[in-house]
Structure formats: C-alpha cells, structure tokens
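Working notes for the structure below.
Labels run A, B, C and D following the written order; every chain starts at residue 1.
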Amino acid sequence: MDLDALAALVPDGAQLALVPDNSLSPGAFARALVRRGVRDLRLIGVPVCGYATDLLIGAGCVAEIETSAVTLGEAGMAPRFTAALAAGRLRVVDATCPAMHTRLQAAEKGVPFMPLRGVLGSDLVAHRPDWKIIDNPFQSPGAGGGDPILLLPALAPELAAFHAAMADEEGNVWVGRRRELATLAHASQQSLVTVERRVPGNMLDDERLAPGVISGVYVTAIAVAEHGAWPIGLLDEYGYDAAHIALYAKLARTEAGFAEYCARFVNAPGDPSVTILAAE
Amino acid sequence: MDLDALAALVPDGAQLALVPDNSLSPGAFARALVRRGVRDLRLIGVPVCGYATDLLIGAGCVAEIETSAVTLGEAGMAPRFTAALAAGRLRVVDATCPAMHTRLQAAEKGVPFMPLRGVLGSDLVAHRPDWKIIDNPFQSPGAGGGDPILLLPALAPELAAFHAAMADEEGNVWVGRRRELATLAHASQQSLVTVERRVPGNMLDDERLAPGVISGVYVTAIAVAEHGAWPIGLLDEYGYDAAHIALYAKLARTEAGFAEYCARFVNAPGDPSVTILAAE
Amino acid sequence: MSGTSNELLLIAAIARLITDPAAHPARHVAVGAASPIPAAACWLAKMQGADIRLALLHRPRGNPFTEGTRELFDLAGQGRIDLFFLGGGQIDGQANINLIGTGAWPGTAVRFPGSFGSAFMYLTVHRTILFREEHSRRVLVPRVEHISAPGVSPAGTFRRGHAQALVTGRCVFRFDPGRARFALASLHPGETRETVRAATGFDYDEPAGIANTAGPTEAQATILAGPVCDAMIETYPDFCRRVWGRGAKENGGKEEAA
Amino acid sequence: MSGTSNELLLIAAIARLITDPAAHPARHVAVGAASPIPAAACWLAKMQGADIRLALLHRPRGNPFTEGTRELFDLAGQGRIDLFFLGGGQIDGQANINLIGTGAWPGTAVRFPGSFGSAFMYLTVHRTILFREEHSRRVLVPRVEHISAPGVSPAGTFRRGHAQALVTGRCVFRFDPGRARFALASLHPGETRETVRAATGFDYDEPAGIANTAGPTEAQATILAGPVCDAMIETYPDFCRRVWGRGAKENGGKEEAA
C-alpha cells in the first residue's frame, strides 16, 4: 500500500488520533491527508499535538480537536490552529495530558472509565461534562473529607496514525522506546502506520527487537514512507528539522503564507520530504 | 553487591512480589533467601507464581500469599504450597490474574483504585473485603440496570524481585519483551534485581536497547547472578529446565524429599545453579 | 497409534468446535499454560486453513505479547479475544468452574492451583471451550463447592460470552447459556449414553440423535504428527513425546534419573 | 555577556531555588518542553554536585522514558517527581495559572497553547517553580480569566505540593500556600520595589529586607558555558546559540533563508 492509499483509508468526518512532535508524528501522512482533501476530521491530541495538526487545520481538513495543547515547540504557537479558533472555524475541547493518557488506558483495558488524581480545581473540569467526580470509595474510614477524585471516560479513537521505523512480514511495527504509541495502538479501533522501511521475518521472534514492537494485532494498514516523520525526527535515524518548523511557523502566520507553504511542500507530486532530504 | 547481600535487603515480614515461571522469575535469589533464613514473608504473585514461591514456602519463609495461582506448569501442582495450606501454616488470599495486574497499574499511576470488567459472580469477590463493587457511573442513560463494576485497590508491593539479562552503569536493567516487569517495578516501592551480567554505558542511550529497559529510577539494588533465573529460562539465553522442575516436583511431594532438594540444590556453598549448568 | 488415539480424538473434536460456523468467529484465540490439547486443536484448525491468530501464552520464544499476560487480559477486556479455553477442578451443570478447591475456602480439603484469569476471561471473551479430560462424578459435580468463574450471569451484568461446549475424555457437551444447561452432543468411542450418565454428577439434556465423536481424518493425523508437532515441541516437549514419540529432552535425562 | 546576562541571572536564581535546603528535596526533577532556562538551572545545580536525577522531556536522544510522557505523569502521580516547572499565559496572586487564553472559553480573544499537564502536575509533584520571563500587568493579573491549574486547593482535596516561587524577568516572588499569597523575595538588577509593583497586576507582600537577585558566580558561568551548554545543545540549539553563541544549525540555514 502506498502513502496515498493509506491516506484514502481516512474517511471524511473520521476521529483521528495524532501524537506530539517528539513522538513519531507522521509528517508525510499528514501531507498526504491534505492532498487527499479529507474534511471534517475530529482530531485527538495524544496528549498534545503540533505540526501535523496545524497543517491539517490550515488546509481546512479539521472540524474539531480534543487536546491538551497545540504547539510548535521552540517555534512557538501553532498559527493555523490559533487562527481557526479565533475565526470560529474549529471546535476545541481542552484536556490535560495525563487525562488523555488515562482515557486511552481505560480503552486499552476495556473498562468504561479510569480515575486520575489532580486536575480538581481546574476550569477544565467545568467544561468537560463527560468527566465525572466521585468520592474515593477507598478512602480510609475516619479520613474526614470526601476525598473527591476525577473519573475519565474511556476513549477508543476510530483511527490512530504514527510513523514507525520498520514493519515486518507479519504486520508488526517497531517504534523503539516510544512505547506510548503501543498504548495508542492498543486503545484505537484502527491504526494506520507509515514506516521508514520493511524488514523480512517476524520481529517478535527476535528478543532484541521484540520489546520495541507493536504487534500486528493492532495495526490495520502500513505504507512505506521514507523520511515519513519529517520534519519531525525519527529516533536516532534523523533529527527534528527545527529550521523547517521555524519556516513553517513563519509562513503559516498568514493564509497566503500557508498557501505558499502547501504549494512548496505539500502539493508537489509525491511527498516532497524525500526529495528535500535527499538534496541535503 | 553479591547475591547474598541482595537477599539480606529483604527483612523478615516483608511484602515481596514474585513473578511466574515464564517471566524472568529469580531462581537464584529465591535460593539465597532460603539460605538467609528469611521468615514471615508476605508474597504477592504477579499474577501467579511457581518454583520460587513453592521453594520459599517449603523452607518456612512465608506467612501469607496473595496470588491467582501457584503452579509448576507441566509438572503440576506446587506441592509445598499445597501442603502448607492443608496444614494451616499459610494464609492464602486468592485473586484472579487481571486483578493483580490492575492493582499494580493503579499503584503505577498513583490512583487509589482502578476498575475491572468481569469477575462478578465469582466467589473470589465475597472473600475479598478489600474489593468493592459500584454501579458504573458512565453507563448510558436509559441502559436500565445498574451495570455493576468491580473496583480494585492499588497495590504497591514493598519489594519486587526479578532476574534481568543486563544491568548498565546507570542502574538500568534490560528485561526485553517482558515489559510486564516494568509495570511491576514502577508499582513497587523497591525493586531488587539479579542480572546475568553488567554492561558498560547507559542502555537508555541506545535506541535498540532502550525499549526493553527498566529505568534505574525504579531499581533499588542489583546483584550479578549468572544463570540467575535457573531453573527458569531467560529469554533466548537459556531455556526453562523442565527436567529440573519435574525433579523438584517429585522430591517436594514429601518433607523429606524437599529437605533432600534443599541440601543438594539450595544449601550448597554459593548458589549451585552456576556449577550445575556449567557441568551440563 | 492406539496408545495416543484418545488425545488425537480430543484434538480433532476441539478443532471442530473452534471452526464451528454457527459460533462467534474465532479470529483471535488464546491458549493458556499447560494446555497442549487445546493448543494442538488450534494449530490444526489454523493449518487446515482457518484464519486464526493464535496467542500461545506459555510459548517461551515468539511470545506474541510484550506486556506479558496483562496484554492478553487487556485484549480480552476490549473484546479482541474471540475464544479461550478453561478447565476446572470441578465443573457443574450450570458451567460454573472451580479452580480453588474443596472443603472450606480457600480449599482446605483438596486445593486446586487457583483461579488464574478464569473469573475475568469467562465473562470478557466471546466464547469459551471448557476442557477437562477426567470425566467423573468427582470432577463433574451437581454444584461446584466454590465458584472461580460463573457459567452464567444475571441480566444487567456485563458479559460477552459463555461456554460453547465442554469436552471431556468421554464426550462432548454443548452449553445453552439461556437455559444454563448442558446437552450431550457426541460420544467418544467406547462410551454410551449410560456410561456418560453414570460418570456425570450433574443433570443434562440428552437429545435423540447423538453422534459419535469423530477422530482426526488421515489428512488431519498427518498435519498433527508433522507441522503441528513441530510448532508445539518447544512449549510442550513431554506432550509431544507422549503423543507423537518426538521431542526427547537433550539435557533432561540426567536430572530425571537422579 | 551583556546581551545574555538576563538569561544567566534567571538560570542562577532558579538553581538556587532548586537547591534551597528549606524546600522538599529535589532528587527527581522533570523539565517540560520549550523550557531552556529551567533546564539550564537544573543542569547547573546537578553539575555543582546536587544529587538530582533529571528527566528532560523534550530531549530527542537519551530520553529517560520508554512510555513517553505517560511515564512522567505516572511518576508524578506516585509522588516520585519532586520538582516541576510551570509557566502561564496569565498568573495571578493566588498562583493560579492560565494556559487556555483570554476571552470566552476556550480563549476566543487570545488563545494560549493549552493546559498541557499543568492541571495534574501542579497538584501531584512536591513543589513547582513558576517561571515566566515577561513580567507585566498583562501576564501577572489580579485574577486569571481561566484556571488551567489552581494555586491552592480546598482542604480534603488530594494535593502534594504548591508553587515554591515565581521567577520573572524582574524579580523572584516566594509563595505561601497557607495564605495563598506571594511575597517579593529578590529584585533583579535595575529593578526597584516600585518598578515591580507597577508592573504587577496582583497584590503581594513586600517584606522589609529585599535582596538583589544574584547572577551566576564566575565558577557557575564557566560551568554554564561549558558542560551545561554541551548537555543542552541538541535539545535547545536556538537557545544555546543565543546565550552562549554556540550550536549553529548545520542544515537549517538554507530553509530559513528561503
């Protein structure tokens, strides 16, 4: 399956979970989604998101987003996210990072909810009618107060997408130390994965590789996308391209600049990351 | 630190979590505990346990155990566990495997409890006053019934012990695909780890090793114990010694046979696993 | 083959239950520790072409999980395990199973190994095949002394599936969760309605037409002795040696002789 | 060094807060993304001999976690993170922080990036140092428009720690959680009680003896320009270039010039 075929698996209106710019975010896949012209995505930032999200919002692909933050890191605020929110074109549901993790862990475990400490006293709670507070049923007798604790509903995203280093013949993918992606894949109904390369055999048979593998049980479809994380980095294979993110942040400040960015880096035939990186 | 010094870190009466015979159970460490003559241990099987547990019970080291099963696998029932229970010398608190995992995950997350599906209707529930049932606060309105769901209290064992393949200079240990041990180490107040060998550097700096590493944050003390899992296997380094477990099961059927086992395999100077395996 | 025919029969019978087109599809099947007969049945079904993903929990190498049994239980909790196998020190006519023991809790008369994950899996997987080779009034009782995992659950309690069948050394029973009752489905060679009735402690239905349990076809026997044994020999060496005469241990003789 | 002295001053001030013997010991410190000044302060404290384990979340290589930020939050939930840093688009006199924005929820006038883990970390870690370089009535407000994370919590609500201090570009404030109130602790060079009061939207205490915030000692400056910069250059190349004139990007010039 090629990158565009993978992107075609995302229907308009789909709920799609994306990851931060330090966690194997699928840059090439996001650009392919823009080229495909997907509409009305409901994004989930696990637990925050960055470049791919801002790009999809700028291209008009996104109807709503639940996240704990949208950020371009050292390059600052995510300009198309901010603009879309200000223009009323984007529904934003705010969360806090561990709440996103917890909701996925509940889905991973097949339970309807999980508790989380902290958060009480944040205005987030008042804006989340889907969150509940109960008195801790396990508080020590005689502890006095009710010991209120937050309960969060399970979240099983319709789709998750990320970029892995390798896929094997069994449909397993290797994400190395980025094992939070395993939780994401376990919790999600389907996972679409781009990979740097295919490898023969079954990585789960290799004791050295197995701990960084996400089993094919959780992987719906795979496409090879060389440099597919770019401008995000991939473990020790290539680094985060801070200069390109800075350029994106500068261009995306305006609609016109964003259009220029897309013309140069998104809508060229094929995905431009390959030729761009090859030229460097 | 040597194996006996590691065993000396376990005080009489300690709560000690052990793992099944397919999950890097620390055979040499259990024998060192018997030699040290520890008493009144409160064992936790995560989620079940086998050889090491039966050995400690047979040697009179254990006052109580919470577990979902004690088993020697193909070699059948755990004879010293069964005998101690029948003689009234052992308090047994029965659980079910996912409840053990869930209790540790709650401790790992720092929440006082976690829910778990299933289990309702089992007599386990009636014998666990520390477990609670509530009506699912997230059931759909109009769903009718109360949708009862089990809540399990967090469990942070005082000590956990397991055998890892490697330890590095930073106190990180490598358990490979046996990442359930990471949950155990995260949840436990202290982790005592035997390792096959020490390696230089910091395994967390190596993208290939990092995913199988448990960070030194969670590791209290480490001792090198060559063949330290034996008669249990260690990943692809050495196999489970089914013949020895069968021999143990046969001898441990009687007190006298168990004493013979200890004389031959536990109380010899140093740990006999090294010489036994070297001779084969 | 005479000495091993009973095991092969059981394997064939379970393989047919696995691929029963009337049952919830068995796309993802998990097999627990110390279950060589169910494991062989799964391998047989798979190698005959069934689209089955097998999770063999006790396999020392190539274990499909990187988070141990927690990953299995999480999959089951999500409804991603279609079929599981359970046994029981006692099994009763409502398909309750007892892995705790007899006498006062926690099994002061005869202790069984413990409940393992049964209390969870029985309710969260889509179907369960109960398997216990010993078919006697000691095992198949009117009412288990302790319930490790319940055969049926009251309305309003979350539950995805139930026992599909109970396979013993004498027969196959089908289970009807609506009526919480077994019905005799097929008799193994040498058994009759009467011998089964005499050996069973619980009451069950006995339909008019009871088939004989069929053993493996010749094609199946070939697959079993070849690729199925190959797949199982590392995990279950004793079983493979006993059933197919293969898999002698290299370093085991010395210790066993000791 | 004139152009960078403010950053070095802030680093030194934060390092002193980290190692404050009166505070909960900072054995395990986590630093979030885009926080080069707190990160440098942690490195400085560590390289001066403090027994600190540093979890640098944004470090691309040698990231201490194998389960991403979930592992950080789990550690904090257990009470295993002693110190964390938070900023805020708005911070008020009760140490409430606002990372949402201004105007109607969710920040329709000015949107900030979002709350990140602040709502959790502020209550679960043992102490927090608030850091915001901009010290103005726009940022330091009488009452934040939206509370991402509360400065104090009612009795009976689980909470391990509070803000230890607020470090800005003009001064250091100490926070007293019992009174939910800041007190001026030290003034940066060029600031007076009056300039700080004028630039601060919330009320605070002003004790009699207010020190001047001390910059790094010569020994500290040497450590900062050497090993601290070495440790940070991969994660914060822009910052290292700006403060120490090191860490020019190899492949960045072309794109930036484009």
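By definition in this document, contacts are C-beta pairs under 8 Å (C-beta built on N, C-alpha and C of every residue); 3 or more make two chains touch, one makes a residue touch a chain.
Every value quoted in this text rests on a predicted model; they were computed, and no experiment measured them.
Novice: Which pair wins on C-beta contacts, A-C or A-D?
Specialist: Output for the comparison: A-D.
Novice: Centre-to-centre on C-alpha atoms, which chain is most distant from chain D?
Specialist: If we average the C-alpha coordinates per chain, C ends up farthest from chain D.
Novice: Once you find the CA centre of chain A and the CA centre of chain C, what distance in Å lies between them?
Specialist: 41
Novice: Could you put a whole-Å number on the gap between the CA centroids of chain C and chain D?
Specialist: 59
Novice: From the C-alpha centre of chain A to that of chain B, how far is it in Å?
Specialist: Spacing between the chain centres: roughly 36 Å.
Novice: Chain A to chain D: how many Å between their CA centres?
Specialist: Comparing mean C-alpha positions, chain D is 27 Å from chain A.
Novice: Multi-chain contacts only, two chains or more: what residues does chain C have there?
Specialist: Only 61, 63, 65-67, 71, 76-77, 124 qualify.
Novice: Which chain A residues touch at least two other chains?
Specialist: Answer for chain A, listing residues that touch two or more other chains: 105, 109-111, 116-117, 149, 177, 179, 204, 207, 210-211, 236.
Novice: Pull out all the chain pairs that touch, please.
Specialist: Result for touching pairs of chains: A-B, A-C, A-D, B-C, B-D.
Novice: Where on chain C is chain A touching in the complex?
Specialist: 28, 53, 61-67, 71, 74-80, 124
Novice: Name, in rising order, each residue of chain A that touches chain B in their complex.
Specialist: Touching chain B: residues 102, 105, 109-117, 132, 134, 136-139, 149, 151, 153, 175-177, 179, 204, 207-212, 235-236 of chain A.
Novice: Spell out the residues on chain B that touch chain C in their complex, using ranges where they run on.
Specialist: 20, 22-23, 47-48, 67-71, 73-74, 77-78, 81-82, 85-86, 88, 92-99, 101, 105, 116-124, 127, 144-149, 177-181, 183, 233, 236, 239-244, 246-247, 280
Novice: Tell me, which parts of chain C touch chain B in their complex?
Specialist: Of all residues in chain C, those touching chain B are 33-34, 57-58, 60-61, 63, 65-71, 73, 76-77, 99-100, 105-108, 111, 113-124, 146-150, 153-159, 236-239, 249, 251-256, 258.
Novice: Would you mind writing out the residues of chain B in touch with chain D in their complex?
Specialist: Those residues of chain B that touch chain D are 107-111, 156, 182, 186, 202, 204-205, 207, 210-211, 213, 215, 217.
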